[in-house]
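Common to both upcoming complexes is chain A, partnered first by chain B, then by chain C.
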Partner chain A sequence: MHPVEVTFDALLLFSMVVLAWQGVHARNMFRAVVSFMMFGLLTAVAWVRLEAPDIALAEASLGAGLTGALLLATLGRLGPERRGPRRRRAMKLSMLPWLALGLVGTTVLLAVTLSLPAPGLGEAVLAAMPAAGVDSPVTAVLLNFRAWDTLLEIGVMLLAVIALWSLGQDVLASTSRLPAPALPALVRVLFPLFVLSTFYLLWRGGHGPGGAFPAGALLAAGLVLALLAGARVPERMRGAPLRWAVGGGLFAFLIVAVGGMWAAGAFFAYPPQHASILIAIVEIAAGLSIGVMLTALFLGGEPTEVRRGRT
Partner chain B sequence: MSLPPGTLFLLASALLFAIGTHGLVTCRHLLRKVLALNVATTGVFLLLVTLGRSGTTVDPVPHAMVLTGIVVALSTTAVALGLIVRLERRRP
Partner chain C sequence: MTVFYLAGALFLLGNVAVALARVLRGPTAADRMLSGELMGTTAVAVLLLLYGATGIEALLDVALVFAILAAMAVVTFVRRTWPEDPVDDNGGETP
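Our next item is the complex of A and B:
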């Protein structure tokens, strides 16, 4: 590796570690959250350095953007932090064993990495690519070879939405709008671009970095921005239509999976001649439902179906 | 420099995991615990992708796993934050 690259990596990782420490231990809670968001952005750069552009796209919009929005929204609803004055000395002393543990762990990891003969499934995936129906290896793994993982992951998200929504009605309804007059106008300009980029990423997922996860994250970012600008879930969308939108991705996924059982003899087996179109269907369904579910998570509760007016 | 490729990333992932776990145990504020959990998660993700790079070809399986993991981590964070807000409201 070129010395410049090594220096860049060292600086990047050092800043990440410092920001992570601040994100956990900064005295001011707001500062901690902002440090954590910066940490997320630097992590996205680290993914680029590790030649993982798909993860970088998802991290930049999810790890830094959406998590940050969630954290700030939560921070606004919490009271000031109560903390004991005797905390700091204890913290420094208790850090030593952890530091030692980290060093030992790193040494072991280095030894493991260097001793593994040819780790990973890179060759196996490359060998199976002609039958995958898409050109991008990551999309092929996500939606064909390991589609089962993606199905479960969408299930986990749906469970998270159900858990949050069962806690009560949406928290946004009780908070006031942001006092930023330019934001609604900006959102009106930006939102179509968000939708357009979402579909671009979905289409691109077939042959390059992109696909359902970054696309869903981008869609959610657009919707959350609209919510922050004062938009609310339309009245006629509440209740059943919204629930279908939230659960639709998992439903479409399951239909394709069971259809594979009937057509090709195994759960999630695609008939090779139809693999491309089936993956496209699954990808669009997964991308849109990830976007809607992320927005539902940001809402923090189900929008109330009947507002005042009806008896 | 004779460092094997990825050493720095492995070191950083171990440090991040240590910072996260330490924060998760020692912090008293629940929001800080959530932040610490996220830091530890990032450490694990870095480790996975760095290990996946040590072969001759770039291994897409860890990439897919980490993409899935990021979304699951976000779902966990959202539920945790929702619970924290509810908990705080019930406190006097």
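Our next item is the complex of A and C:
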């Protein structure tokens, strides 16, 4: 390795440790949130340095983008923070057990990592690639070989949305403050770019890093921007249509999985000649649905439905 | 040429470290947010330079995602956090 690379990695690591420390221990909540967002940014660069561009893409879209916006919005709802001088002293004492736990955890993790079989499953995946229906090994694992895991991930996300929606009301409904005039104009320019990049990443997923999760995160970012600029969920979209959009990814996924049972004899078995198109359908449905689900999380509650003719 | 790109990336990462100091010092929330945005822009440039050094095309996508999401944080900040909490209750002191 070239000395420049070593210096780069060392500086990257140092900045990440400082940011991680700030994210947890900053006395000021806002500083902690900004540190966390910057940590996400540098984590993506670190994944790039580790030659894992797929994870870098996911980290860039989810970690640095939407999570930051969620945290900032939460901070705005919390209001001015109160804190006493006592908290700092208490924190220092309570650090000791955590430090010990962290050391034990790291040691165990290291031992487990060292005991893992060395080549991993990479060769098995590459050997099965001709039957996968896509060119990208990562997409093949996510949506074909281990599609079951991805299905459950989307299920977990749906559960999170259901839990959040049953807890409270749409946050934006209570905000009446008009946005600055420049904001709607900016969003009008940016929103088509978000939609374009969403579909670009969905298309990329077939043969390179990309796919449903980063694409969904980008779509959600665009929708959240529109919401922040004063857009509202249209009346006719509320209620059933929105719920279908939220659950649609999981629904399409399940239909494909059960269809595989009927056509090829096993849950999630794609017939090889149709694998390509089936994966594309699942990827697009999951991507759009993930986008709507993440936006739903940002909304913080189901938009109130205007009921007509019913009580 | 690879070393040239890497040296450029290293220089920009040094800038990120300087921006980090501004995130830590503040004094106002807007200072922290702006230096955060600066870090975001710098990260895009770092990724493009790393693409020059390694030639992995996916880095361009990561840079694209960063560039397009940069607007996100600052808009959320302006709309959700800023008016409610204009000045850090830190009083500008350093940690």
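One rule holds for everything that comes next: the second predicted complex is superposed on the first by the 263 of 311 C-alpha atoms of A that agree within 3 Å, B and C clash if a C-alpha of one lies under 4 Å from a C-alpha of the other, contacts with A are read in each partner's own complex, and residues count from 1 in each chain.
Keep this in mind: contacts are C-beta pairs under 8 Å (C-beta built on N, C-alpha and C of every residue); 3 or more make two chains touch, one makes a residue touch a chain.
Predicted model only: the values in this text are computed from it and were never measured.
**Q** Given the superposition on chain A, which partner contacts more residues in chain A: chain B or chain C?
**A** Touched residues of chain A are more numerous for B.
**Q** Now for A:L75: first (chain B), second (chain C), both, or neither, which partner does it touch?
**A** Both partners, chain B and chain C.
**Q** Would you sort A:L101 into first (chain B), second (chain C), both or neither based on which partner it touches?
**A** first
**Q** If we overlay the two complexes on their shared chain A, which of chain B and chain C does A:G208 touch? Say first, second, both or neither.
**A** second
**Q** Now for A:L228: first (chain B), second (chain C), both, or neither, which partner does it touch?
**A** In the superposed model, A:L228 contacts chain C only, not chain B.
**Q** Just checking: does A:M38 make contact with chain B only, chain C only, both, or neither of them? Give me first, second, both or neither.
**A** second
**Q** Looking at chain A, which of its residues have contacts with both chain B and chain C?
**A** Residues 51, 54, 66, 75, 77, 79, 81, which sit in both footprints.
**Q** Which chain A residues qualify as touching chain C in the complex?
**A** Touching chain C from chain A are residues 2, 4-5, 7-8, 11-12, 14-15, 18-19, 22, 26-28, 30-31, 34-35, 37-38, 41-42, 44-45, 48-49, 51, 53-54, 56-57, 60-61, 64-66, 68-69, 72-73, 75-77, 79-81, 177, 179-180, 183, 186-187, 190, 193-194, 197, 201, 204, 208-210, 214, 218, 221, 224-225, 228-229.
**Q** Help me check something: in the complex, which residues belonging to chain C touch chain A?
**A** 3, 6-7, 9-10, 13-14, 16-17, 20, 23-24, 26, 29, 32-33, 36, 39-40, 43, 46-47, 50, 54, 56-59, 61-62, 64-66, 68-69, 71-73, 75-81, 83-85, 88-90, 95
**Q** In the complex, go through chain A and note every residue touching chain B.
**A** The contact residues of chain A facing chain B are 1, 3, 6, 9-10, 13, 16-17, 20-21, 23-25, 29, 32-33, 36, 39, 43, 46-47, 50-52, 54-55, 58-59, 62-63, 66-67, 70-71, 74-75, 77-79, 81, 83-84, 87, 90-91, 94-95, 98-99, 101-103, 105-106, 109-110, 113-114, 116, 118-123, 125-126, 137-138, 140-142, 146, 149-150, 153, 156-157, 159-160, 163-164, 167-168, 171, 213, 290, 294, 297-298, 300-301.
**Q** If you look only at chain B, which of its residues touch chain A in the complex?
**A** For this pair, the touching residues of chain B are 1, 3-23, 26-29, 31-32, 34-36, 38-39, 42, 45-47, 49-68, 70-72, 74-79, 81-86, 88.
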